[in-house]
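Pasting the structures in now, so scroll down.
Across the two complexes that follow, subunit A remains constant while its partner is subunit B and subsequently subunit C.
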Partner chain A sequence: MPRCLFGTPRTRRFIPWASIAIPGLGWLLFGLYPSLATIGYSFTQYSGLPGTPLNFCGLCNYTNAFTALSSTVWDAIRVSLIYVVGVTVFQNAIGMGLALLLNRRGRSYAVYRALIFMPQIFSVAVVGAIFSLIFDPFSGPLDKLLHGAFGVTSTFLGSDRLALPLVMLVNVWMFSGYSMLIYIAGLRNIPAEVYEAASLDGAGRFRLFRNMTFPLLAPAFTVNMFLTVVGSLGEYALILVLAGGQHGTQTLGIYMFTSAFNAGSAELGYGSMLAMLQFFLTLIVGGGVLWTLRRREVAL
Partner chain B sequence: MSSAGARPEPSLGGGEYRPHVAAVLSDRALPATEPRSRRRPSVAQRLRGLRTNVVCLLISVVLFALPLLYLLLQAFKSYPDFLQHPTGLPHGWTFQNFTDAWQQGDFGHEMINSLVYAIVPDAITLVLGVFLAFPISRGYFKHSNALYTFFIFSGFLPGGLIPLFIEARSLHLYNSMPGYLVLTSLSGAGFFFFVGYIKGIPREIDEAAVLDGCGYIRFIFTIIIPQMKPALATFGIFGFVYSWNNLILPLVMLSDDALWPVTRGLYSFFGEHTSNWPLVAAGTFIVAAPILVLFILLQRYLVQGVAGGASLGTQGVGRDPVAVATESSASSVEAR
Partner chain C sequence: MDTRISALPPRAHFRRRRGAVRSLTAVAIAATCIASGLTACSSDGSGSGSKVTLTIGEWTNPGAIEFTQQLNAAFEKAHPGVTVKLQQAPTANNAWQQLTSSLLQSKSVDVLAQFAPTQQAYAPSYTKLQPGGAAALVTAGKLVDLKDQPFMKNYDTTMQQAAVGYNGGVYGVMAAEYVSTGAIWYKKDLLAKYNLQVPSTFQEFLDDCATLKSKGVTPIFAAGKDGFQGGIWNGIMNQTLMAGHPSSDSVKVSTDRATAFWQKTQSWNDPVYKTISQEYQQAVKYLEPGAAGVAQLTAPGVWATQANNYPFLLDGSWDSATIQQANPKLNLGFFQLPGTNNAADNRVVVKPDLTWVVPTTSAHQDLAMQWLAFFSQPDNYKKWLTATGSVSTQPALTNAGLSWMDWLDAHSKDAFAQLTNPWVPAGASTDAGGPDFYKLAPIGSDSIDTILKRSAEAYQKAVK
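Entry: the complex of A and B
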């Protein structure tokens, strides 16, 4: 262990500790503690209102979730899983397609890549407003388009059938550029000789992709899949601004948020329990994806 | 980064999967996938190239830029105009919506709040982050590597929004600007980001500084921080955008509308004026504009921040943490 070089022999031992004291305490207090406290609060009944007691109630929230409220909870888990699978599949397929298409030289391609990357720099509040306008059932362009072309109308984000797919679509729109970025970086790590050799062998485009590019993209694929799974499971701000968890868009995350922070609800203990469920779900799905894909990487 | 010379790329943590992310959006790293032929392209090849270019143009503009552009167009319509022609181009362009939105939404005031909420925590996090990362990356503590690994894994612990809210209430940080700044400045997102980068700064610099009688604090401010400019710039800009865009935390922590940042303001503004789309569009664009300008000017850093987060998020995951920790220290040995 290297010794601290700074200070006098007497102060030398304390300088490193003094250096990390403020940020370290800050992280413990506002970073680590809240995360761990979620476990504790999930065993309580607490409204958070001033003067109300904090009642320890054991597993009450968990038993509640899987007895009295089980249909709501299972529904939220189901919606979360649909959301994750849909977003992950489409975002990665589109991201990879865009990467293959846009990984070219030239200024114009740099501009196209920047445009595709752009949506994610905006706040969910901005993206929410943009797509609420586009999906507006009365004066939005999509409604006019559908009405003009097929004579059908829809309430879009207000429809039980369409709200969830549309929110997923916006999520994919917002973050495809991110997946594209990682895939392009992966593509650029593939040495050119590989392709020269393969094209000498007369491999066609599709075979080139299936047998060369895709396997060599495995690390980028793993990273991307893992990040989209974890990211889309944790996403609730976007769902909140677009559909507010209504019309079948209530994922676990948004259920947590609304049960804890909606006016008139304020069930912080129950919300913490939902945050724990969210954590376990992320652990299972994210861990599963990572484990499977790492094994696949090794096998390749 | 190429400008950093011999120093390793600021990897914001160092790890196995480290693409040359900085260059991805720009054209710095030449794509290896496209073998360049010496011959001049034939007419057929050029036509094919042009066709691909047009396809990419259409995809990027129609699918990705158009939604924002469409919103912007609506902002130039008068409300009666919008009611008559909700989808087409404006008949008679007007700036009235922007001034109306600016006044009715109180965006000027909220803009200042947003700036404060974005700049103050950003600056504090950067400085404190260096002070935290330096002793850890130099290995001054017994379990420096374990500490670092633990931090990375702590990102996967349950979300702590609810306890943070309870904590903020009991510490009187709820619904107050200083309180919000304390929460966001000290929550530690990013404190450890510099550990990997500092490992790339040679220890000989420390020794030389000590021999010259340089004190610790002066050393950090005058030697280490200037050495870290690229990493600080990347993280600073990314942190700024992140804080500016944050909606959930202001929604939870700030109930008084005088304290709201623009995102929180827009969320309510949108709820109040749902049917008056030109006004909402103008407000939305006001909120988006600063970030858009920042993106155009500082694209490279933003991309790096996003991709740096990606490599930090995945390194160490699914791999032996000890290997990760020792690997990053090994790479610093190589760097020297």
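Entry: the complex of A and C
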């Protein structure tokens, strides 16, 4: 009887099922269950502390958010959308620019690409701590630089005008390298013959980019745009570490986190409702972007 | 039918069976070890030679953590076989809240630090507000009533009732209270250099600031990025609203105000809040202009190291260890901002803070009580006061002997508990809870009228 590495033919039949079952169980426990629980909690008044009562209140959290209580939800949605648009536009523009610049052979280019990608591997806490120190108006180097060069000072993350753009800037700095890599992969899929033919027809660099490179990068563009939109909509850790949601940086994600987990006044029920709003916002914006860009790809 | 095993040669078959027996034996031994280990863990520690782990949860405060570690070592020495494990997390970014939930969920904590809920956490039933934080645990019956524990006799009963009492029970030991609103650290040498005294009225404070500014010194430093400038507004508000009331009335004043707000007979737009805001603006104009960008994480250290500038720091009285670590040579002092122009009304405002609670899920409740009794012994409690800079909650101990506490020691006798805010429903705009100091000029750009009108409207909308 033939023997094999993974047991008998009978036991071997279970290997694919076991392979699916283990991650499937993980998904059920850490993905589906918390998601369903969040939906359930969003209809309750619940502090979130283990053992405390879970009072079902129907749509109370939803009606409070949109009718009876505050404009805070609308403000948070507005800030979230500004954040998404700003980060998506700049991260993709810079990522694409870097990809065009560094998509060359040579060891030095590999080093540059690695350096630009590096912030992606740092934890948000580390990046947040580094930039908090850089933006510190007393001990940070940026204030000294500004003061020395232009004679002006700023409170940076303590400024209502600057806090949100600065957090967006850090986000773009951290993830542009990731976008760059996807664009480089896209650029390498474009056949060299296409450029040769266009050059022979007399196309300059700008026309090459506009009429050849950018349209042929459409799949990479779609992936990058979608990932950036969804990622920036869900971003809260970086904003929390840098600005704590103050000075006009309270996105829906931050509002959800502080509502659900704030020490002493945590409202997991209300926070869960905000998480549901965040989910629908991601579905609408992310889905909208994906649908539009897919149609563009087909049209091209 | 599986024929593979029977197809093996007899010796191999025997080896395989022997291997299986060996595996079963190993599993049985491991199971026995685990079972005996669990038995030892669930012991209450009374039996000789048994091992128990008592778990304490406490948020990170350098002085408090250092003291607790020393206390735990002494407790272990006095209780052979007991190991005390300290779990800690900073309060920043809600890390402490996460740890609390994890410890309670896993039923693995015996003594847990909580912020004192105070009576304001239990809003009347007509508000339909649910208690949060420690109050939610109390009402759900998840904390042990400590009222009859012998060590509670060391503490002021009224104070403990106000901080962590509910329906006749006392569900924790409020071990620390601090000056939180209007708390001002000062550099004694710098005040002496300009012949200034610790002010006793609001006007004296403004005069001191004006003098310092005229000498080229920026008077006040604060972590404006984290809203510490609000301490001035709240300090003035507490002393103004408590003027003429005995200190023991603070819970009543808070409740009356909260009720009046809920019933809409008072609002943030009332003249008293306009006056308080005007005084706030008079004081805040002496604040370091760049303070809005300073985080609390760095503020005490930056302030402590600038010996010739910023005589005053707005910060809670819990930060003594952080300040002294940053500059051990600093001649440090502390006082409460005088919020009115009648010195007699400018009493110390204390906020109940760290409160030890024992969850009903604790597997070692007797040992937890022994730990709390050990903590509450006057010698140990005095060390706690020294390490944390807390105002004493044990009437027999009035003085921690710290040099920076000289002013507090002399003025704490008439201290009153910090007034609590009106009840605000979940999801209400942050403006409903009071003025937004991030937006109020000169830190922000909004005028007093704009800020107070916005708060009043937000509150009206929230309780509609």
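In the analysis below, the second predicted complex is superposed on the first by the 270 of 300 C-alpha atoms of A that agree within 3 Å, B and C clash if a C-alpha of one lies under 4 Å from a C-alpha of the other, contacts with A are read in each partner's own complex, and residues count from 1 in each chain.
Going forward, a contact is a pair of C-beta atoms (placed from the backbone, for glycine too) under 8 Å apart; a residue touches a chain by one contact, two chains touch by 3 or more.
All of these numbers come straight from a predicted model, not from anything done at the bench.
Novice: Put subunit B and subunit C onto subunit A via the superposition and say whether they clash or fit.
Specialist: Subunit B and subunit C clash in the superposed model.
Novice: I'd like to know which partner A:T292 touches here: subunit B for first, subunit C for second, both or neither.
Specialist: Touch partners of A:T292: none, neither subunit B nor subunit C.
Novice: Given the touch rule stated above, what does A:L187 touch, subunit B (first), subunit C (second), both, or neither?
Specialist: The answer is first: A:L187 touches subunit B but not subunit C.
Novice: Could you look at A:N211 and tell me whether it touches subunit B, subunit C, both or neither (first, second, both, neither)?
Specialist: A:N211: touches no partner chain.
Novice: Which partner does A:Q45 contact after superposing on A: first (subunit B), second (subunit C), both, neither?
Specialist: Only subunit C is touched by A:Q45; subunit B is not.
Novice: Subunit B or subunit C: which reaches more residues on subunit A?
Specialist: B
Novice: Based on the superposed arrangement, let me know which partner A:L32 touches: subunit B (first), subunit C (second), both, or neither?
Specialist: Once the two structures are laid over each other on A, A:L32 reaches subunit B alone.
Novice: For A:I121 in the superposed arrangement: first (subunit B), second (subunit C), both or neither?
Specialist: first
Novice: Taking the superposition on A as described, I'd like to know which of subunit B and subunit C A:P137 touches: first, second, both or neither.
Specialist: The answer is second: A:P137 touches subunit C but not subunit B.
Novice: Given the touch rule stated above, what does A:E196 touch, subunit B (first), subunit C (second), both, or neither?
Specialist: So A:E196 only meets subunit B here.
Novice: After superposing on chain A, which of these stretches of subunit C ends up overlapping subunit B: 95-103, 257-265, 329-337 or 383-391?
Specialist: So the stretch of subunit C colliding with subunit B after superposition is 95-103.
Novice: List the residues of subunit A that touch subunit B in one complex and subunit C in the other.
Specialist: Of subunit A, residues 1, 3, 48, 50, 132, 136, 138-139, 240-241, 257, 261 contact subunit B in one complex and subunit C in the other.
Novice: Residue numbers of subunit C touching subunit A in their complex, please.
Specialist: Spelled out, the residues of subunit C in touch with subunit A are 2-4, 7, 91, 93-94, 96-98, 100-101, 104-105, 115, 117, 130-134, 136-137, 139-140, 142, 224-227, 289-295, 297-298, 302, 361, 425-430, 432, 438-439, 444-445, 458, 461-462, 464.
Novice: With touch defined as at the start, can you tell me which subunit B residues reach subunit A in the complex?
Specialist: 16-17, 19-21, 24-27, 29-35, 52-53, 55-57, 59-61, 63-65, 67-68, 70-71, 74, 82-83, 86-87, 128-129, 131-132, 134-136, 138-142, 151, 154, 156-167, 169, 183, 185-189, 191, 203, 206-207, 210, 215-216, 219-220, 241, 244-248, 251-252, 263-264, 266-267, 270, 275, 277, 280-281, 283-284, 287-288, 291-292, 294-295, 299, 302-303, 306-307, 310, 313-314, 317-318
Novice: Which bits of subunit A are touching subunit C when the two form their complex?
Specialist: 1, 3, 8, 10, 45, 47-53, 55, 61, 64-65, 68-73, 132, 135-139, 143, 153-160, 240-241, 243-244, 246-247, 257-259, 261-267, 269-270
Novice: Quick one: in the complex, what on subunit A touches subunit B?
Specialist: Against subunit B, subunit A makes touches at 1-7, 15-16, 19-20, 22-27, 29-41, 46, 48, 50, 98, 101-126, 128-134, 136, 138-141, 144, 173, 177-178, 181-182, 184-192, 195-196, 199, 213, 219-220, 222-223, 226-227, 230, 234, 236-237, 240-241, 256-257, 260-261, 268, 271-272, 275-276, 278-279, 282-283, 290-291, 294.
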